[in-house]
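Naming follows writing order (A, B, C and D), and every chain is counted from residue 1.
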Amino acid sequence: MAKAAVLVEFGQPLVVREFPTHFELAPGEAVVEIEMAGICGTDVHIWRGELPVPLPLILGHEAVGRLRALGPGVTHDWTGQPIQPGDRVTWASSVVCGECYYCRIKPQPTRCLHRKAYGISYNANEPPHLRGGYAEQIYLRAGTALFKLPDDIPTAAVVGAGCGLATAVHGLERCPVHWGEAVVVQGTGPVGLAAIALARISGASRIIAIGGPSHRLELAKHFGADTLIDVATTTAEERRRWVAQESGGFGADVVIECAGVPDAVAEGIELCRDGGRYLVLGQYANTGATQLNPHWITRKQLELRGSWGFEPRHLWRALTLLRDPYWQQRFASEITHRFPLEQVNLALETVSKWESGKSVLVPG
Amino acid sequence: MAKAAVLVEFGQPLVVREFPTHFELAPGEAVVEIEMAGICGTDVHIWRGELPVPLPLILGHEAVGRLRALGPGVTHDWTGQPIQPGDRVTWASSVVCGECYYCRIKPQPTRCLHRKAYGISYNANEPPHLRGGYAEQIYLRAGTALFKLPDDIPTAAVVGAGCGLATAVHGLERCPVHWGEAVVVQGTGPVGLAAIALARISGASRIIAIGGPSHRLELAKHFGADTLIDVATTTAEERRRWVAQESGGFGADVVIECAGVPDAVAEGIELCRDGGRYLVLGQYANTGATQLNPHWITRKQLELRGSWGFEPRHLWRALTLLRDPYWQQRFASEITHRFPLEQVNLALETVSKWESGKSVLVPG
Amino acid sequence: MAKAAVLVEFGQPLVVREFPTHFELAPGEAVVEIEMAGICGTDVHIWRGELPVPLPLILGHEAVGRLRALGPGVTHDWTGQPIQPGDRVTWASSVVCGECYYCRIKPQPTRCLHRKAYGISYNANEPPHLRGGYAEQIYLRAGTALFKLPDDIPTAAVVGAGCGLATAVHGLERCPVHWGEAVVVQGTGPVGLAAIALARISGASRIIAIGGPSHRLELAKHFGADTLIDVATTTAEERRRWVAQESGGFGADVVIECAGVPDAVAEGIELCRDGGRYLVLGQYANTGATQLNPHWITRKQLELRGSWGFEPRHLWRALTLLRDPYWQQRFASEITHRFPLEQVNLALETVSKWESGKSVLVPG
Amino acid sequence: MAKAAVLVEFGQPLVVREFPTHFELAPGEAVVEIEMAGICGTDVHIWRGELPVPLPLILGHEAVGRLRALGPGVTHDWTGQPIQPGDRVTWASSVVCGECYYCRIKPQPTRCLHRKAYGISYNANEPPHLRGGYAEQIYLRAGTALFKLPDDIPTAAVVGAGCGLATAVHGLERCPVHWGEAVVVQGTGPVGLAAIALARISGASRIIAIGGPSHRLELAKHFGADTLIDVATTTAEERRRWVAQESGGFGADVVIECAGVPDAVAEGIELCRDGGRYLVLGQYANTGATQLNPHWITRKQLELRGSWGFEPRHLWRALTLLRDPYWQQRFASEITHRFPLEQVNLALETVSKWESGKSVLVPG
């Protein structure tokens, strides 16, 4: 049996339950003993019932663990490295069908019509039940992109980076930052910090982070932001003027939205210079229409790009970045709070109050 | 002396006045006797006071005429063709400074900080007064891109195409349509019709025009639209389903907004397939914020692009298209109403009521 | 038993042999009764021993046939259409591994490290033997992209288009032609004709075909070329001047090499205008180094792009084009010679002497 | 009178002559007292007669000096900063016409049909004679892009960067390096070192410099190269294997040719991974055709891009980089030899023997 924290009813405390672990592994499958699981901001939204998910649900879509058993044919990880029980691994949170309109014809694999994500899409009542990271073990489906972690990458760096880094890798692939460009990053949560890191290594001449609270702005500075703007103590007009002043007078070359608040998009459009680019990376929740002036898209001849989730190759790129001790230290430093599985509700509360950098669960 | 129709007060009838024409031409300048001037939808917005312009103002930013006199050094047109008085010409409506941040550093020449457009930016009280197309003559500044018209391009084709074709050339340069793609064009005014033409010659597999009234939808068909959707007799949800059905089930590969109505942008985002492209080409008026759901930009990983006005080379490309009798016929056929200069107010009214295809002024 | 034409020794006549057909189909497999198989120019190179292939080999990588039997789990074609025995189908000639460096990490699927092509990569001695199109039947591996053909697409259009159309679809995806551009196509074989077709529907203002012999230049005209240059009766310098004259004075906006002759590349670079694009699409054989002046790449600031083979989605796009009767007629008209399987050597000879448009085998 | 070093006959020593300096400045013109002029590798080619230039010629196309006098209307530099006599400046070496096919229609401004470069294109017999950097003074034409140097940029950094940095800025704009990519730079002269710098700040994961001699490889390391390969002590096959080993097994994501030797291009193509990009930046001399295998362009589906010279905005970007003390130090450190104008022949000889990092002339 293995313990897991289950969301039974939206807004109610998660319940720790035990699940059977005697399932035989089919070809391509694997089972992993979880060492550390991240709590993502999306988990808070799910907990509150703001995303369409099945209940009961074992949350958790970012984790590191050790392979306990491998199904027939699972001999190598996604990159071709040999794997065996005991190896430390992470994995892409989503599995796609490979056959639908978006997998094949207009290839947009992250928009696969049958994509399912661990910790989000699986009903915990259905065997093998353990399909989320808030647990002692997780059963991985055939087709899951597994990555054996080299010894020089600490677990905390991988979970600290979480899904935010791979999401930002995908986003900045669709909307690259070029050397010398002035960049605004809206939001200083995990995606925002990862975007700051990638803008930094892409050679941004100036990175302006808009976010908060202050301990997160400190992290933004640590990740490479040159200018810190606290969203709680400034007006939109003050921010617009500040950004213009720091970026040649007319606005940023690139703005990256990682705030997750719909209003941020209306503001971000105004922070771009004419002909600038705007990556809308954080609008994961559908909270309906908001106020936005499309005139500026035409008039400023802007380029806006969206990006959803990530593919395994983006996680691969994220892991190559985490080979660098400089970035390991930073991403690991996001983790300020560690909780045992039993304190999952305290952990969620900490995240929802923005009290932590990043909170993680350490089962066992 | 030369007559011109002057906007003296917003919302009031234009007044035909006479202006002196004895000005000596400085180097680079030219004066043109206007043969035909188009009435653009933007002129109606200006007339109503919805755009910031100086008063009194001679309207008119799309016209064809004959060179009456050339200033020192004006011996060739923009393409290098020799020119002389008597030649039939058209010209780019805007002149840029060539020196500012947007002309030089982040080259976005249509966003020049000192750009001025004939028929929009010049006070008619200031010599040489005649800086708009609703007139018998127009004085062109040094730096104006003049194009000598080959004999095989009829005047009506050039004015019928108006600023809409060059605007669409610019837009589709920023957001090209590739062969085999399903395209939605929102709006069947002059920009929309031009976008249909360009999507057609770019090899769109299917063009769905959303617009009206019916005589404009007929034009859309004539320009190459495969499917006509009357915006007045359908709901947004009906249009969304219709577009999906005609474009592989999931929405259009490319949507081109030429409607000029802010709501069209919220709708257009929903008409794109995931990973699709959206050209926001028609939001010329700033009517403030509107309701729009940015969640879809992230979730559908869309690409939105704006485009403002055009550069001389886009007008050059437009004129190359008008060498083709097939397109000459179509663009000339937009002109359904011709008025003498004295009936300018009737002409404006006809345009504002959507009664005409395109209305033009024929001075003299 | 089923008959197939086998290449036993390079340069020697192919031998028609019988092979057993009693193999049980594994999951994902299918067997097809061939109705028509195309003879590609590459087959002549293989026959002559100019490509590294296993012997004995059943040639043929472009064909149409009827499904005879389907292995377990094969219920739908690549696009999701239900399929059953008796359905007329075509298929992508290559199968990739989906797991290697080029399938996953730097996604360049046509460069899969373990890619195998029907008619090229399979030893006929190894069961199930029948892995080429010059045969009465072909056994298709799991993972083959099958396409059920709609009734409105004639077999002759599909085989006439052959691998050339899908190859050109891939090439022009990497190097698109935009409306109004002047295009040179070097070579008037099947790839060249397909490139002319795609340049035409992409809105090229002028298409200059360089090739021969005269019956192929006639086909080029039928496919949409405006200017025909016979490579046998002109010098390189004459061609350069002719192309410049037909394309604004300075060379073509886009040059597409489909000639397969190394010298064509040196010439093609000179046919581009400065800042132009050059698609090197036809250099399938490795005939070693040739004379080429790289100075022009720097000086003319050219963009050169290569493209190899195609992915299933390119064949999908090719088939969408073949829904159009206009293009069906043209691609079918390439087929000027039909041979029974027993006359395969006469057929190869006809192709190698450039006597046919396209030659095909019609077994049975 | 002002002294200048004049190339009178190819291959012969330059002659220091005096020229009159009393010319009245026309509108837009300026005269500069030169403080330091760089000796570019191209100057050696010109000296040897390998480029088509007029004689007699005052060499020198990269320099810094102080404004001595300004013609009417010259009140601001290219960026809009006010300027006056005494200000320290540099300038773009070329002036374009702004009117030709390549300036206007297919905008490729560096390929302007009437482009002229200081130190290259002007006959020293024609007034105002002083049109090169190897001189005490230089007369700049109207239309020259002047840049006032901020006090925090040392002269040695600007001349050390020379034309190589702006050339590399342009090249990497056409062929950007993205974070995490493995990059090969062929050549460790000024363009190669600048390319290493830009690849570094663009986030290259690994930079492999191929060049020599050893003091230049040391510079390459100082500029950010991770791996140094001496071209003189390795074979092409050894380099190919070494590069593959350092870049994921299959070759570099991006190769940048800055070697100036035609053979380097044939080798560079083999150093790219399949689907990789190759920037051909150094083929400034036309030494005729060389041996090159175009098969690899098709088979590896490569992307090759050329880039010629630079526009003023690339020099602007280069100067923004030189605001950073880190890069100032590096570019200034290229200058290992300083010569008075009278020792110009010794200086040229030093450069031609690859004995210096960079040699400069310091008049007066």
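Assume a contact is a pair of C-beta atoms (placed from the backbone, for glycine too) under 8 Å apart; a residue touches a chain by one contact, two chains touch by 3 or more.
A quick note: this is a predicted structure, and the numbers were derived from the prediction, not measured.
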Contact-richer chain pair (by C-beta pairs counted) among B-D and A-B: A-B
Homomeric contact chain C-chain D: same or different residue positions, threshold half: same
Separation of mean Cα positions, chain B and chain A [Å, integer]: 44
Interface hub residues of chain A, defined as touching at least two other chains: 101, 105
Residues on chain A engaged by chain D in the complex (per definition of touch): 172-173, 176, 178-180, 198, 201-203, 205, 317, 320-321
Residues of chain B defined as touching chain D within the complex: 78-80, 99-101, 104-105, 107, 312-313, 316
Complex contact set, residues of chain A against chain B: 101-102, 105-106, 108, 110-111, 174, 248-250, 253, 262, 265-266, 273-275, 280-308
